[in-house]
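Chain nomenclature is as follows: A, B, C and D, assigned in order of appearance, with residue numbering initiated at 1 for each chain independently.
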């Protein structure tokens, strides 16, 4: 009688991070083993090496922007693909050891992404406290538990794991902040189109000639494919050389997306397909006149008839 | 024992036109029966009705521009396709009845296309002569023969057919004038790519929105297909509504041309394929980086692998 | 006491042409002397030489397209400008000598522009009649009067001038045909913007590189200027070399039109300004967001402040 | 008799950062007082409040990409402008307290930007050491001095300031890494064009419609202005809303740059001019045909003549 092992899912730990909260929000959470890793590269590396079936990593914050470690890791090395995205509200609390009052707080630790989101609150309520960087907010909480710092910025759900209490909540400056997380696996069958999908790629410039970025955008525009995001990242080879991380509307199985990607493949460099997956916001893409599946199919029929010498 | 009838080729007559000269320049000229028709529409109609296997018609003059009757006839009605083009030098002579001297010439007849090409010469040498329009230069010669006019502008080869002599030659203003002729048939198997082909189409605007012509041009540009000619023609429905006659480099069997035409088919209106055929000037098309057959094939392979979930 | 001579206006004669009808439709018609010329070039030449103050010439037919003689004459030689356009309905009648019946008609003459507009009618009602070209419809009427031809296609108003009667009316195939006429003068102060103007130019390609036409269109598009018409015309120098005649919405005094024309002047060749004048259809141009006079002025103020080092 | 106070220049401290090294590389370094600030926002704030005349801040790393704190601070709040850029090679050393050997190192601290640049070296030479984030590399060195961590990644010049020694050098993975620094002041007269300048702006989308980024790029392309860098940054208002930080070639005093910026001002949102300043690499911009100062001036003259009714 065999016992099925639960699938292992990597995440940016330690316990109590927002990334862990994202993992726990997945439908399959109850049946997977969540495994913390100290950094995004190590979490993704565990998937590449087959130690984990998937990794949950942050991709983007509505306040802080791209999580560049995630983009850079996906762009190079053994291929990985995104199979799902989640967008979670992010709300910070100020955590401290029991018995601490606000006036006691001289040092506040957090991941660097959290600091700017809470900067104004800190300036008003803790003008004399010094901020210290930590590798994750949960790690900051642990350092507070260890007595290294007085307080940590983290999700309130982190408090109990490290024996802390919530001193103040919420402490961020902008209401409605969100973080986008993605579930990453090794390449495999692409999830079928849901009708409201997103496709992610990275693509490089062929020779950095003037207007080359615009040509990349035109490959999408000519096929009526909208971009929802574009990030430039350094190639690391020289100042002023970039590659681009792009999210577009639609699924790689869509004719218009497929033709746009073929256009990039022909005219750009280092195209990498990073997955087609349902959009977290559930919005259907705008399909412009002349770019539906039916219109692509009709155009292909027309071309075949014309090539065969029929009257077209 | 059966006797093979020679194929019948229609042309803009009467005998002695430049169009007949173009027909006689075809390699198959010796084995075809040349049949004159009074107008371009009647010549093309003879092909549509199956009376003739092909028609030779003028398409464009380097001095006078488009032969609009040809464009308009190809754009509507039963489909026809171009299978070949020829570019011939055009050189006008002044023809008159034997015994005429220049001072006798009070009226000069020609096809309206010839008049502007000889206008300056006429102004200098026959400032008082009146010009009269004829349906073809050869018809003008016949009218001179009939005594209706004193002289005709036509090719010198026309003189003997109508009992005329050459009074002056050449009489055009611009040296190096050329006319482009095309051989038109009913749709059938497209001639295979020669490596230096041209493709002709007509295409209409879908809804006349601002920038729609630019979108048509972008369908070609994004696939690296150069245009060699674009003519706007009225649709006849209202002032300010046009369709376009376009010649582009390459063959409909080329991946880049095919994809551009499919793009037009999807986003424009009334696309009509008018043939792919060898260019008269024998120039090879410029194939831009990323638009060769090999690059299109590689991109398609890439897409199929990515869609199948392989690492791409 | 001096007597004011009436201004002389040239037109394509002889009396009874549609062009004369257009001239007579001008508000100032009562106070000008209408002078017929045998061709468009001679009519425009009379303005260049100062014999006439203005010329009325046909520019475009909704059925037959561009009047290429007009475009080509305006594109070269001493500069002329358009100061006004008129669009008139064109309706053909079949004119003959009194006493003629339809069965008597063996020959029908007209300007070549009229023939295709009446082709189907002729095919049905006069299938055996032969069509003959004339330099104008009125000239055809005169030739009918002279007994050379049996009938002429012309406006019904032409009949009485040449002692003819209307045998049939209307005889054109497409209802609603229109012809656009323009009033041309020597350069002078541009008519002030009316709020619904059109601007005409001719422009050449600098070096015929691929995509050059699209670059011309982009000069307009980037400034939100819509084109209402574009015609390609041969330069006459070699097969495959063209210049373009363009009508765009708006007035040269408009900031967006001015900037677009400066862009053409910098990047193209042989730009010629052919006038800004009220549109015959009285339509106001679409002014896209960011392209109004106010927005251009505000942008200029912003730039000046930024250049001066103010905070912008 | 008055004594002139030296100008105060803010930088990201503490002493020993690469930013301090950049400040010391300025020609005026000898005559300015360098004032360390704990973060980019506080350094820039000191300029806004008038405490310092200028701030030196990192803008971009050839390995890690944008310094988003710098971009985000320049994009909002009281306007600041860049007056100069410097590009410095960045070379990391492993610093430790005297007497430490490599085997003793269990923890390595650095700014998060340094970690990925040294990741592979650390993996090979210190596979078991734990990396810890610090707010600057110099701060990490101070924490090593304080005994909190065993070693720090920093420039070797940092060692002596904190009583440390160099354990290994260089320790980065990619040779030739560079960081770009900028000198920022309050708005004032723009430095005159040097002939090889760069202009920085931030610009937002007006309504996030499809293709809006491409329209921004076209404003530059139509005027022949090349971009050297584009970064997207979240507006902080909602997931999926971005603004762009753009560096383009040329100076705001250049006609082509000025017209492109006016185009952005008209059609985009939140345009902010962040300075024109000499490029660190000393490269002259490519000036495309039709976009030189002379050609812009000639086009303006042409337009004025045409508007005045001269023959143009």
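Going forward, a contact is a pair of C-beta atoms (placed from the backbone, for glycine too) under 8 Å apart; a residue touches a chain by one contact, two chains touch by 3 or more.
What you see is a predicted model, and the numbers here were worked out from it, not measured in a lab.
Visitor: State which chains count as neighbours of chain B and simultaneously of chain D.
Guide: Looking at chain D and chain B together, the chains touching each of them are A, C.
Visitor: Please work out the Cα centroid separation of chain B and chain C, and write it as a whole number of Å.
Guide: Centres of chain B and chain C (C-alpha means) sit 25 Å apart.
Visitor: Find the geometric centre of each of chain A and chain C from their Cα atoms only, then give the gap between the two centres in Å, rounded to an integer.
Guide: 59
Visitor: Whole-Å distance, chain A centre to chain B centre, using C-alpha means?
Guide: One centre to the other, that is 57 Å.
Visitor: What are the residue numbers in chain A that touch two or more other chains?
Guide: Each of 218, 221 in chain A touches at least two other chains.
Visitor: So, with touch as defined above, which chain pairs make the list?
Guide: A-B, A-D, B-C, C-D
Visitor: Name, in rising order, each residue of chain A that touches chain D in their complex.
Guide: Touch list, chain A to chain D: 38-39, 41, 60-65, 68-69, 72, 87, 111-112, 116, 119, 130-135, 174, 176-178, 180, 210-211, 213-214, 217-218, 221, 226-234, 236-242, 286, 288.
Visitor: Going by the contact rule at the top, pick out the chain D residues touching chain C in the complex.
Guide: 78-79, 187-190, 206, 218-219, 221-223, 252-253, 258-259, 261-263, 265-268, 271-273, 289-291, 295-296, 298-300, 302-303, 306-312
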